[in-house]
Amino acid sequence: MMPVMQSPRSLEKPTMHYCPGCSHGIAHRVVAEVIDELGLEGNTIGVSSVGCSYNNYLYFTFDMQQAAHGRAPAVATGIKRVHPERTVFTYQGDGDLAAIGTAEIIHAAARGEKITTIFINNTTYGMTSGQMAPTTLAGQVTTTSPAGRNTSTQGYPIRMSEVLAQLEGAVFIERVSMHDVNHIIQAKRAIKKAFRVQMAGLGFSMVEVLSTCPTNWGLTPIKAVGWLEKNMMEYYKLGNLKGKDLEV
Amino acid sequence: MMPVMQSPRSLEKPTMHYCPGCSHGIAHRVVAEVIDELGLEGNTIGVSSVGCSYNNYLYFTFDMQQAAHGRAPAVATGIKRVHPERTVFTYQGDGDLAAIGTAEIIHAAARGEKITTIFINNTTYGMTSGQMAPTTLAGQVTTTSPAGRNTSTQGYPIRMSEVLAQLEGAVFIERVSMHDVNHIIQAKRAIKKAFRVQMAGLGFSMVEVLSTCPTNWGLTPIKAVGWLEKNMMEYYKLGNLKGKDLEV
Amino acid sequence: MQHEIIIAGFGGQGILSAGRIICAAGMAEGKNTTWFPSYGPEMRGGTANCHAIVSDGEIGSPIINNPDILIAMTSPAIDKFGKMVKENGFIIADSSLIEKSRIEATGRTAYSIDAARKAGDMGHKAFAMLIMIGKLIKETGIFKPESVEKALYEVLKKELHGLIPKEMDALCVGMEM
Amino acid sequence: MQHEIIIAGFGGQGILSAGRIICAAGMAEGKNTTWFPSYGPEMRGGTANCHAIVSDGEIGSPIINNPDILIAMTSPAIDKFGKMVKENGFIIADSSLIEKSRIEATGRTAYSIDAARKAGDMGHKAFAMLIMIGKLIKETGIFKPESVEKALYEVLKKELHGLIPKEMDALCVGMEM
Amino acid sequence: MPEKVLMKGNEVIAEAAIRAGCRHYFGYPITPQSEIANYLAWRMPAVGGVFLQAESEIAAINMVYGASGAGARVLTTSSSPGISLKQEGISYIAGAEIPAVIVNVMRCGPGLGGIMPAQSDYFQAVKGGGHGDYRNIALAPYNAQELYELTVKAFDLADKYRMTVMIMADGALGQMMETVEFRDEEKPFEADKSWATTGTGMKRKKNYITSIYIDPEELEKLNNRLQAKYRTIEENEVMYEERDCEGAEIVVCAFGLAARIVRNVMDMAAAEGIKVGLLRPVTLWPFPVKAISDIAEKTDVLLSVELNAGQMVEDVRLAVNGRKPVHFYGRTGGILPTQNEILEEIKRILGRGNK
Amino acid sequence: MPEKVLMKGNEVIAEAAIRAGCRHYFGYPITPQSEIANYLAWRMPAVGGVFLQAESEIAAINMVYGASGAGARVLTTSSSPGISLKQEGISYIAGAEIPAVIVNVMRCGPGLGGIMPAQSDYFQAVKGGGHGDYRNIALAPYNAQELYELTVKAFDLADKYRMTVMIMADGALGQMMETVEFRDEEKPFEADKSWATTGTGMKRKKNYITSIYIDPEELEKLNNRLQAKYRTIEENEVMYEERDCEGAEIVVCAFGLAARIVRNVMDMAAAEGIKVGLLRPVTLWPFPVKAISDIAEKTDVLLSVELNAGQMVEDVRLAVNGRKPVHFYGRTGGILPTQNEILEEIKRILGRGNK
Amino acid sequence: MLRAVIYSERCKGCGLCIAACPKKIIAINKSEFNQMGYNPSMLTDPGKCIACGRCVIACPDTAIEIKEAGDA
Amino acid sequence: MLRAVIYSERCKGCGLCIAACPKKIIAINKSEFNQMGYNPSMLTDPGKCIACGRCVIACPDTAIEIKEAGDA
């Protein structure tokens, strides 16, 4: 028999401020479910970043810190070094993690910092009105690439998971997607494993979550998930990049 | 018949301030020779970084800018975007490039910025008295890893060439060494090709130069090259990581 | 003479454009105008508002503490801005979207018109804004209808210029409500 | 009574340690002392110097503009600091490393002793510094030789403590030069 | 024929830069100034210029350093937290003596704070937020027209003095639309840029751009040169607007949005028979010391109104130097002082009114 | 028994932090303060603490944010350019109201500048180098003993007021060796840290650390709370040393190394029959306004001597408020004013001497 | 019997649940506005709901729960 | 005849040229100090030099050139 499904207890009840159909909401629920299921609610300290999810400390029920733009991995490092027994995670967008915060994520990973990163890749700066992000696809139109991203002057999209997988301290890296139910289920599995890797003290773990930003993509939520599936998944291949065989 | 060998014309004549046996001096000469041979002296704008080579603009005969710690790739980007027809290169240490300057080098590479980076990896912060660098080997003693680098708390050495090779905009990446004459000759060949790649407008090119810091390693220059060969080359494998087959 | 107008409602109702149309129309008649939007993360919540000032003289602050006029397109807008309206100012409220009791709670003169419904009847919910502006003209004579036409050509994207005649019809509807 | 001493030479000659030994010896006799090194990229050039002050009273600035005493271990050191020595101060110079003419050019009282050569004879060039300090004691009586011994135990790394008797011999050599 | 258009403040800045001959922009998005980048993203390519979104504010300011050192007119823009990140770079530009125009469309702090208008980066801009003894020329526009004029002027000043010029606009100025009249053509100051790194072309001795001087005497020389330059600027480049100060009972000092609010207050006060003057610094640095000093001779009392907890008021006090009382009124957090509040404060200070 | 040791200033700071109960250090190397990190690299592990060399100054200050927000006593140290990079983070710490101790062993600027001692980051520390209206408590030690005492005190103040405390030491203080006497035991201020993010343990409601308040009213509340706290500190925490000011013809204001030089000058002046007083601020913020104001009543003239182009002198002038002339003398670039120079300047001001 | 329950005051009308439902029994209710100003979604034929929970998983706003019918 | 020439005033006595020379004809001159305070290197047997230039390549301080003998 199906269990009764309801909002996870690690998630506060008020409505979140995200736009209709935004993947952030789903990602929040999934993270909260994982924390519930691992019994970590009282043991977790999360780190919010700067992006549309800047204030998600309001939505979770556990302790959190709001970090400066890009610096969540450094903040998480500070927390983890004070409370090595706690579970510490960062929740970061692609502008936050792959642009201004490049050095911080790379070095947290290189140090094998025992934290988990939930990396919401929606190929744009959602919060500031849809500018080009390091993850914006070639040819993609954004407010700062109005003629489509021109790789010869604006560079190529960065595959952060592949980059981070090069680092010895990064022990679990997986890319998942939010575009349909089956993928959301798979995403949850990956996020759970990432937290488990941290609990086992193995090193740095990250899950890159392909996400939508219907508002700045100028698409309905339904069209947005279609766009993700059609365009993003080709360049950002789903799957495990590191730590597939870790038993945790 | 052997040609008469002398100091390259792109190198000024005064004595450089480096410690006896420091690889910086060799690297400077090699870069100057390449610029001479490619006829680029009047066409080059170099960017000094912050490290022992902070003032190498005094040693070269072409135009240069001194960049803030870690930011040489951003400065070079600014220059190149103003003078796309000039040859622009950065000269950076491992503290500069792989620590504070991580974001700048990664994004210059991701953008496929048409610049060349000479990356002097001597596994330490030479200028500030030999602290641990991101490239310091596991177990290596430095002023900030007095008991030897402990990977479980201080992280793992980063192989920047491998990381950068993940980026589409980086088209030529090679790791060379300064520890003996044959390797210096090989290093020069790589550096020449890196500049040629830039001249051909193909994208970002970098040569990582395994180097010694006899002073902070506490070794004589001769012992230092031996240490490099024995310890560094095992972790930092020499060879081309990208662009081997480019014909330029 | 100076008119200080706040327009407030949900994102997607054309709130910000309405303000720009008012300013552009004022400008077309040689008046000074300022327009100031709500911006940033506020907009994620779904609400939107802007401040428009149309004046014969020099305009000081573009931010309105006490509007002469509030154009309200939702109940939360009335709740938030209604009491800020000057004692001798008034409210234009879309009665198809706002409960009467909440308009009354403001204690201000209010013109309730069911613009959204009318607009629906006319074939496009975007016309509601023009109906409201029509009512504004009727109550204030702030500018001539022709100036709104000019403004529409300026503010709307080229693709939408075909709609302008119908928008002007909506304006007239508003002027008669 | 306050002694302001600059010690200058090349890196590797033990310049900075000499200053620390002087300070520690002074401290051993209950005096106030400050030590200030040249630092940073300057040191790459090969030169090194430090400022040591030993005083019965409170010490103001640890940085010496005009030393009472200059202990010079190289010609560039004489060139750079010689003229800064107070008119009634003096120089102790290692004549095995410095040309006589450059010492004379300073116009200051100077004691030239061939410390480096003597140290070589004694088996270790590091002894040169102690010879110079010996000379300093001889000319000033700044502190007792025993205090230097104490200082050596404090300043030198454990591994080098075995050398201290020989260092004290060097001190005596200096005190007799 | 000069065009007159209704335009968003941020876009006015962007368009003004284009007209000032700026062809290189490096920036990073941040509210409430993102429209500058959004505008230049299409406008720069259209005029053959370079628009580059940097990976961070730090990268942007260092790209500015590189491009300006290479001889170009360069712009970067940001808002408060982003400007804090640029402080090291700004200090470098000062030390290297190269021109740069930096726009700060201020939001409220501290920290991530809020995105509403503020003037709480006054100290940072005029006392130097970075390390070392340096100054920025700091311009405070107060309407769309000044956003245009001062942006154009900023490039000229930067080139003329080879230093950073900061445009200090509060978020409201960036976000609001207002009419602006563009001139048909600008005539940029023709600066000697023979010092720039353009490649020697084997035709001249090398140039290099640096800010490090290990020899203290050299570094003091640089500092003396900078200080001398700053004295020249203090003498020649002060700009301010004085309005109804003659015979005023109280003179209010305010800039930007605060000055606009005060303008309204002046009318209200006049209606009640109170004569309020306005001294509006247009250059925050160099500060209109002499103008305020002169006013201190003529009026009874001064009031500094700011969108912060009291910053410019210190400079007003330094200028007044104890001769008259100097009061402060400000609001923070994006709350703007209302005209009524300010009027009440004026009455309180003058001992009038009912409160 | 208290130990008396000859120790390098930088190491005194490091050891003092350990004794103050600090067990978390995050920093990045820079001359002239690298010895702090070099020392703590072995000392921290020895006492079971965490020494972490960050990838940059920015990472370091954000690690401080995280660790302090998690309830620990935390230290970061750097020198001028590195401190500039920390400004955004410092503003965040201010906004989030968490404690932090930040040491700036100042070198000369601007830019990469030089590594010699300077005091040219005074403005940055006391006016706020970051964005927004916030303050740092700024302590200015002047010998090894004070490096110890004030470092210990810094942790207490930081915890007490939940804010940043900066120790402003010039490079000379960091590099010099001098005798210091350590107490056997410190008794750290016992701060309530129930606000810290330590994990709820399901025993309390969640805590969160943030500096963003999108609602202007909330943000103004934060700002009002901060300003009220700053007023309390201005009343209660001012520290300074006054020496021979009674009956002095001239009172010199100076801190740190400059004050040490002035101490020598006082003796020289006394020998020539000139009575010079010294007012040495120990807290640069809160500034000893009242002390200086009182002195302004008693002496004829004041002189601010600084290792910069004139920064603290503004605060002296604000305190004196026009009642007496306030002069300035300073050198930059790592050149230190000599005792003779200062004495000459004093004589010139007093109209004595031969020049 | 278990079935999906939509809390229309939490719903932003994004339609992702519609796409997720294998039984095609969710639709947007164009005639209703909630307090946030959105047209919420609704079950067109609650009886057909198999309580598979796919709508719950798809919903970004935790606006749906699976419940014993009549619980709400 | 071509051969290596060492400019001893530029030499820092690092010894890298010694390691590089296939003919083993370079050594540190312990009895001489240059102005920088270093013992420079010297050719012990210039006649044996084959002008291979390996010492030039190894030298960090451009203190060696290959020249026509007697050019110096």
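So that you can tell them apart, the chains are marked A, B, C, D, E, F, G and H in the order they are listed, and the count of residues begins at 1 in each.
Just so we're on the same page, a residue touches a chain if its C-beta (ideal position, glycine included) is under 8 Å from a C-beta of that chain, and two chains touch if they have at least 3 such contacts.
Just so it is clear, the structure is predicted and the values come from calculations on it, not from any experiment.
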item: Least hop count linking subunit B to subunit C through chains in contact; value: 2
item: Chain whose Cα centroid lies at the greatest distance from that of subunit F; value: G
item: Whole-Å gap separating subunit F and subunit G, where each centre is the average of the chain's CA atoms; value: 59
item: Whole-Å gap separating subunit D and subunit G, where each centre is the average of the chain's CA atoms; value: 86
item: Distance between chain centroids, defined by C-alpha means - subunit A, subunit B (Å); value: 34
item: Approximate Å spacing (C-alpha centroids) for the pair subunit A, subunit G; value: 26
item: Shared-contact residues (touching 2 or more other chains) in subunit F; value: 31, 50, 52, 55-56, 58, 81, 88, 92, 96, 111-112, 115, 210-212, 214
item: Subunit B: positions in contact with at least two other chains; value: 18-19, 54, 66, 68, 99-100, 102-103, 106-107, 127, 134, 154
item: Shared interface positions of subunit C, touching two or more other chains; value: 40-41
item: Touching residues on subunit F, where the partner in the complex is subunit D; value: 6, 31-32, 115, 172, 175-179, 257, 260-264, 336, 338-340
item: Complex contact set, residues of subunit A against subunit G; value: 1-2, 4-7, 11, 15-16, 18-26, 29, 180-181, 184-185, 214, 220-222, 225
item: In the complex with subunit E, residue positions of subunit B that touch it; value: 41-45, 47-48, 54-55, 57-58, 60-68, 71, 74-83, 86, 103-104, 106-107
item: Residue ranges of subunit D in contact with subunit H within the complex; value: 9-10, 46, 74-76, 97
item: Subunit F contact footprint on subunit E (complex, rising order); value: 58, 80-81, 83-85, 87-88, 91-96, 106, 108-116, 118, 120-121, 123-124, 127-134, 210-224, 226-227, 308-311, 314, 317-318, 320-323, 331-335
